[in-house]
Amino acid sequence: MASDQSNDALIHSADPEHPANLICELCRKFYTLGWVTGTGGGTSIKHHDHIFIAPSGVQKELMKPTDMFVLDYNTREYLRKPQVLKPSACTPLFLAAFDRGAGCCIHTHSQWAVLITLLVERDFGSDACFEIEMIEQIKGIPKGRGKQGNLGYFDRLRIPIIENTAHEEDLTDSLAAAMEKYPDTYAVLVRRHGIYVWGDNVHKAKTQCESLDYIFQLAVEMKKLGLPWTK
Amino acid sequence: MASDQSNDALIHSADPEHPANLICELCRKFYTLGWVTGTGGGTSIKHHDHIFIAPSGVQKELMKPTDMFVLDYNTREYLRKPQVLKPSACTPLFLAAFDRGAGCCIHTHSQWAVLITLLVERDFGSDACFEIEMIEQIKGIPKGRGKQGNLGYFDRLRIPIIENTAHEEDLTDSLAAAMEKYPDTYAVLVRRHGIYVWGDNVHKAKTQCESLDYIFQLAVEMKKLGLPWTK
Amino acid sequence: MASDQSNDALIHSADPEHPANLICELCRKFYTLGWVTGTGGGTSIKHHDHIFIAPSGVQKELMKPTDMFVLDYNTREYLRKPQVLKPSACTPLFLAAFDRGAGCCIHTHSQWAVLITLLVERDFGSDACFEIEMIEQIKGIPKGRGKQGNLGYFDRLRIPIIENTAHEEDLTDSLAAAMEKYPDTYAVLVRRHGIYVWGDNVHKAKTQCESLDYIFQLAVEMKKLGLPWTK
Amino acid sequence: MASDQSNDALIHSADPEHPANLICELCRKFYTLGWVTGTGGGTSIKHHDHIFIAPSGVQKELMKPTDMFVLDYNTREYLRKPQVLKPSACTPLFLAAFDRGAGCCIHTHSQWAVLITLLVERDFGSDACFEIEMIEQIKGIPKGRGKQGNLGYFDRLRIPIIENTAHEEDLTDSLAAAMEKYPDTYAVLVRRHGIYVWGDNVHKAKTQCESLDYIFQLAVEMKKLGLPWTK
């Protein structure tokens, strides 16, 4: 019988769509995009009642399925726990997204996200959201949980920003609070840190994360050129 | 007999130059260039009377030939329509380019293109084209339909800009109008959205799209450095 | 007997160091670096009395050995001339470098090079060279033809700039004149166009081209940040 | 018996974790990151009493295990010395890091590092360190030699800067002095040149180098946007 250290049946599959394989492929892409530099950031997938989580402190472009942690969603106990690795400090934050119905949650240290949190604080105050409108890529973001379809071109995109804490796990309460206050959001920015993005499934979380990062980069360039984010 | 859902003979080929294979290869390149982030953008090739179109909402770097829609150019009926996918909202815009003699049409959400539309509006007004001259790369753009050869170094490149609409297909009339008003253009910018570029064939559409994007990026950097686009 | 169209023995080799293979590999790299976007730029290698030249108008990342033109250095006649392709308009400029002892010549449309030519013109006048000093990467550039070793950290790097012309081949005289006036240079910038870089061999031309592009990019960023290029 | 030129047993291994293989893989990555453009920069690994060093003047993305120099740490004599290559001028600087307990040392010419040295000099004077605080990625840097764990989010990161010299090896004394003055640092910036980063092992040196480069790039962008590095 497999111990919780060597429960390899959970992570071995020839199917590229298996969560353990998908996380590795995503992490390689995210490394190239500069989102998970220096082992920063993280990714988690919920597959039925199993939560697959990339470990802490591993070079993201070198991730292997055998590096994965697997958690039982109901009991919150590890079904698989590689002995030599540390579980991700993002785990409680990923769980907050899964409790909200997400199927995948991505955490990046994108520099564009960090710059946006600094620009919003300086120009609109520390309580302000990031807000932008009339950019086609906004249509890549869903309207909100339980709502049909995506935002429109004339809709205003709002992404809440929470303050960073000394320890990643201490972000959990303010992340949950931001989720309550902005029930339609699929992402929360963390000041001077990065972003948490989630989606109904891997495809949606990944493409929403890309769309948001595109918008953040564009917004930073707009600021450099003196172009306003809203009318 | 193949139904319109499973007409796979249309998209299966070992020839890398087959349109279904070319679209997949182009989409992978465009993803790397940041042109089709988050399933944005699109690509279509006209091969004799068959129009091959990348679907909506698919991760562009993962596109497979089996994802392709195929349309009959004359009847405008689908010869192949993957059941689980949505046809591209760009379809009527691609057809407008094919009606104009194009063999390939590319739609990108390039951030440089978006920034150019914002800078032109602010600095020259909402009726203005993007205009630039005396940049060698301008020689990568043809003089115009039915004209021999490409623009020269001393020619002024003009790319019209149309306003964005809530729904992509609603751009069709203003795109067609811009094509009428600027009969020599091979591209139309869409404000706060991106660009449509077409060419006589895949090679020309792709390299013209690259040349224009190069020029847009250069022009944005020139603006940051206080360098004028024209004399 | 091979005609000048099908002289394939000249370009077929399993050796990755064969000029026809090297040019293809270099062009793929240069495409990734943004130096040869939209079929721009070019590369040529002199191997004994054979000049290998990438054709005009071909997508650089897709270049194949069979696309190569081969010229006899002494007679200036084509030993191999692919019928469906056009010889590069850079050919007389490459020959000017080979006449000067080069073994390889690279022409890029690097945006950093173009921006440098615009900044020098605005800030120092149209007769000025690009000049920079006290940047470690300067040590990647040789002291000059017939001189031993590379520039030092405290040496000033000077790259002459010539004005662009309507036709690439018309640059030949001013390129040759710049080579006369600046006998130590291994590169000439072309205003609003790009750069020609040459070296004793492929390795040197390629790494010198990289070092110069690094310096141009750094110098553009320094200008944005208000940092001077020289004391 | 193997001579010091052909001691190939030292560098031939099928294990991708063998130092000679790791250096080649790292150099390919660093080339893509723009850290070792034009043969700049270098990498060295200490494995027991053997020091593996990438040679000088080789294109970093083409590095092969057979290019490696191997030095005996105790005797400082070469165990393997490829005849056609030059040993790295960084060798005494790498040794200074190994003397301090490092297992791997990386030297890059990162443009972000160079720009930081220029901005610090202009804004804080030539004796100032680079200082930044309250950026999550700071947590990727260890507290200091012999100390447990990494810096916290509220800790201030300080990276000393030494002046460049005409010859790389002449940096050795000031590098050693900076290591003495800042005993907790794992990196020293070199004005107008780049950075030396070391770590307990390859994994740590590489990820610390990535985290620092991320912070430098972010800090340069903050400067462009008028955002301060510290409270």
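Note that the chains are named A, B, C and D in the order they appear, and that numbering of residues resets to 1 at the start of each chain.
By our rule, a residue touches a chain if its C-beta (ideal position, glycine included) is under 8 Å from a C-beta of that chain, and two chains touch if they have at least 3 such contacts.
Protein identities per chain, from UniProt: A, B, C, D = Methylthioribulose-1-phosphate dehydratase.
Model, not experiment: these values are computed from the prediction.
Colleague: Do the two copies chain A and chain B share over half of their interface residue numbers, or under half; same or different?
Modeller: Different, since most residue numbers here occur in only one copy.
Colleague: Can you report the angle of the rotation that maps chain A onto chain D, using C-alpha atoms only, to the nearest 5 degrees?
Modeller: Best-fit rotation on C-alpha atoms: 90 degrees.
Colleague: From the C-alpha centre of chain C to that of chain D, how far is it in Å?
Modeller: 31
Colleague: Can you give the whole-Å distance between the Cα centres of chain B and chain D?
Modeller: Centres of chain B and chain D (C-alpha means) sit 44 Å apart.
Colleague: Could you say which residues in chain D touch two or more other chains, in rising order?
Modeller: 224
Colleague: With touch defined as at the start, can you tell me which chain D residues reach chain C in the complex?
Modeller: Residue list for chain D touching chain C: 34, 37-40, 59, 109, 111, 114-115, 118-119, 122, 164-166, 190, 192-194, 220, 223-224.
Colleague: Which residues of chain C touch chain D in their complex?
Modeller: Those in contact with chain D are residues 134-137, 140, 152-154, 203, 206-208, 210-211, 213-214, 217-218, 221-222, 224-225, 227.
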